[in-house]
Amino acid sequence: MKKVTTTLFLSLCAMSLAMAQTQPAKQTPESSEIWEPVPPVITPGTTGPNASGISAPSDAIVLFDGKNSDAWVAARGYSPDSPSIGRLEWPITDGILYSTKGSSARTKQEFGDFQLHIEFKTPEKVEGNGQGRGNSGIFLQGRYELQVLDNYNNATYVNGMVGSIYKQAIPLVNPSRKPGEWQTYDIIYNQPKFNKAGMMMEPAYVTVLLNGILVQNHVAIRGTTEYIGYPKVKAHDKGPLILQDHGNPVGFRNIWIREL
Amino acid sequence: MKKVTTTLFLSLCAMSLAMAQTQPAKQTPESSEIWEPVPPVITPGTTGPNASGISAPSDAIVLFDGKNSDAWVAARGYSPDSPSIGRLEWPITDGILYSTKGSSARTKQEFGDFQLHIEFKTPEKVEGNGQGRGNSGIFLQGRYELQVLDNYNNATYVNGMVGSIYKQAIPLVNPSRKPGEWQTYDIIYNQPKFNKAGMMMEPAYVTVLLNGILVQNHVAIRGTTEYIGYPKVKAHDKGPLILQDHGNPVGFRNIWIREL
Amino acid sequence: MKKVTTTLFLSLCAMSLAMAQTQPAKQTPESSEIWEPVPPVITPGTTGPNASGISAPSDAIVLFDGKNSDAWVAARGYSPDSPSIGRLEWPITDGILYSTKGSSARTKQEFGDFQLHIEFKTPEKVEGNGQGRGNSGIFLQGRYELQVLDNYNNATYVNGMVGSIYKQAIPLVNPSRKPGEWQTYDIIYNQPKFNKAGMMMEPAYVTVLLNGILVQNHVAIRGTTEYIGYPKVKAHDKGPLILQDHGNPVGFRNIWIREL
Amino acid sequence: MKKVTTTLFLSLCAMSLAMAQTQPAKQTPESSEIWEPVPPVITPGTTGPNASGISAPSDAIVLFDGKNSDAWVAARGYSPDSPSIGRLEWPITDGILYSTKGSSARTKQEFGDFQLHIEFKTPEKVEGNGQGRGNSGIFLQGRYELQVLDNYNNATYVNGMVGSIYKQAIPLVNPSRKPGEWQTYDIIYNQPKFNKAGMMMEPAYVTVLLNGILVQNHVAIRGTTEYIGYPKVKAHDKGPLILQDHGNPVGFRNIWIREL
């Protein structure tokens, strides 16, 4: 009897398995699992005494860590085409890089899509008004300016505020810290795409957190930042970061970038 | 013993079923079927002697079918706030509505997200140059102008060409037909979203086919169309369509809209 | 006196010009004009007896014009990796290419971002039900299927309907024409972007008009079309178009593509 | 003569002004300034001993600050429709809320578009493997799960990793901290849009930073999170947050949300 029982057992079990294969109810949790591609492991940074945001993760390119400005050159103006004018002369004091000397700071390296972290503080001693107070800027790909400004109790045109894509996109809120306090930018940037005819097929998109608060949410950038006149559209590939000197000594620290 | 055997059998079968539940091979084609929501059935339009594109599908609101302009009123200017100035006096000749008389044509009804089909022809007799030739326009939600212009061998600024979002977005190509020939616009429009503070959380997006050719691909509209100066951002809900009279008698026919 | 008058005149004029330069009110319509890049001029196609949509515009690659299938090869299955199995044996009758013979039709050329126009008709004699009636498909980049099906009074799972991205995206409406009638697809496709690690940084996006009606609006495609199981994500560059033979003789005509 | 001269002078000046109006050079920096709407001023949070990210900004709704769980109720399962089963019994120890007791934690309040900050730590004592180690989850609008898992040296299917939209979107990288260490999520979420027919006109979009590192970049969510089977599409408006108890005591702190 044992043998018979076993045979019957196997037959019945086979039936139940065959039915399992044809009935939709038999889908399993495993059906919807995907096992590749495996996301690369990286070590995130940490917060600490010299950072108001996290320090560079393991896959980041450190652009400034308080020691030297070797990743940068001096340049005139805020254009990806302006030639280097030599070694960056911005002073580093107590691990802080200060915008000054009338030159821009441009990265040696160029970037496409990226995540950028940068910390800044505007002068503790308040001088000037509107655009004249604590003004600097971060030119993404050397073309598209994310404004840096002391907007703490300091009104200006809203498309020129801190958190704005200068003269293109108004920030959602104004989460400014006081002059002299460290502020953080976390920026997600996707570069524009152009076709062979030079037409912009897709604009650049940018998402920005200022002091941890969303100020730009996947916003399209339609063209270059222009102080006077309209954004210009010109095909390009990778570009550098440029920090602006606008005559106010704005301090920078903990600058890192991850290529996406 | 029988009882024992049966118990063993059931236990083993339960095990095999449990294993079946954990084997990915048991998924079926039916696992990935979805049966609702069911897309509404609609009857598409057809092409014919009075249309260069298809006629109104069954779920469309017909805004002009060649017979009357009852869906429209006359208005001054191109603003959603400009009051009606009475019955639209644009003439209808041979089933064609001609822009003229110095007034705009505004729909009585207002729209949010939509698909719009519209056919136009610029004057066969060519007069004027640049913006002065065959100029009209379609103001989406009464605010954002999709340019209508005779750009056949007629240069103008590229953000003011036919197919442009006027002074905001350059068309990808120029697929203009000759003056006097019928041309078609197929427009997919998603209105902007604003939050309680009046900030634009998401811009309007527009995709445009001109004569069946892609000229705008999911392009963000950053603000109102302005002849002089920069786009303005002001929170709004639904808005009308407005057709422009720019002093050139541009003919329109086969105008229908589907609310999305 | 003449000299004095002239001098005074020039001084006053200079003053008026200087003021013009500093007053915002002096912005002009020309301020917001952009003159380049100039969109390429193309000649759009026309409608006619052998097309239910427009024929190929001047910048299109004609994939089938009714005469021969030289742009295609035969292939097994629906994968960009399935090798050619020689000349396509699908018959051409009265300018119509019919899916049959158990092979797929694959373009020799590969594409990235594109606009695709294609016309199809399912068999006038209705046979079968659900997925068994008038079934074919268009594999974008050889991977992502836009379904072709006779869905006129023929229910099936909604993510497998005509107008669906097969088993991924439900169409917004069902604008099917009757069996045996010509139907048109106008497709705007942007390929996915992958980074060096093979992660998908941006999905493919697709917009689809079926018979002139919007059925997919800038929809993200998350991975490959799979009959059984889940979409797969695998980095790739350009890919071919593949037309499916699903055992029903579906006719195709007027196939053209524009690289964006 | 004087009169003649003056007349000539005025005429010429009028001419020069007319020309000024047509010369693009007359635009000014002020032309491109926008002064409203003014972004609301908010006070950002700070980092401190009880937070690995910043604390709640002034416009946030605090969902958990270490003192009580009054913003939450207990619920069964992870569905926006599962009814409350009373007061949440998850213990609070040293200002940390621990998932346990077999119930979910659901917010009393419901949300549409939002920015969410949440900190979590998986058990320092490592037990289990794959999905069995440090598993919890955050259901956005009660429907779409952002996975919480101990993925430090712990492989699992990649669409079920920490940082994944569970069974829908693979994270770009794996920036996990060690078990027992605090980790942070910063989440930007835009809810899906549905039309009257119940069709999804626009999917939900989500951007996620895990430990300050981008893991999801404006990713479309196609439907509900399902453990077995495919995402479902069902129209809805606002929804709650739900935290999962998966049998592992995961700790949470510093939870705040900003309605966008």
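Points to keep in mind about this one:
Read from first to last, the chains carry the letters A, B, C and D; within each, the first residue is number 1.
We adopt the following convention: contacts are C-beta pairs under 8 Å (C-beta built on N, C-alpha and C of every residue); 3 or more make two chains touch, one makes a residue touch a chain.
Everything quoted here is computed from the prediction, not taken from an experiment.
By residue number, more than half of the contact pairs of B-C reappear in one of the listed pairs C-D, A-D or B-D, namely A-D.
Set side by side, A-C and A-B show the greater C-beta contact count at A-B.
Centroids of chain A and chain D (each the mean of its C-alpha atoms) stand 17 Å apart. Measuring from the averaged C-alpha position of chain A to that of chain B gives a distance of 33 Å. For chain B, the set of residues touching two or more other chains reads 27-28, 31-34, 37, 39-40, 170, 172-173, 190, 195, 197, 199, 201-202, 217, 229-230, 233, 260.
Put simply, chain C touches chain D in their complex at residues 1, 5, 8-9, 12-13, 16-17, 20-24, 26-28, 30-31, 33, 168-170, 172-173, 195, 197, 199-203, 217, 219-220, 222, 233.
Taken together, the chain A residues at the contact with chain D in this complex read 27-29, 31-45, 47, 52-54, 57, 59, 115, 117, 155, 157-161, 163, 167, 170-177, 186, 188, 190, 205, 207, 209-215, 217-218, 226-230, 258, 260. Of all residues in chain C, those touching chain A in their complex are 31-32, 34, 37, 39-40, 113, 190, 195, 197-199, 201-202, 229-230, 232-235, 259-260.
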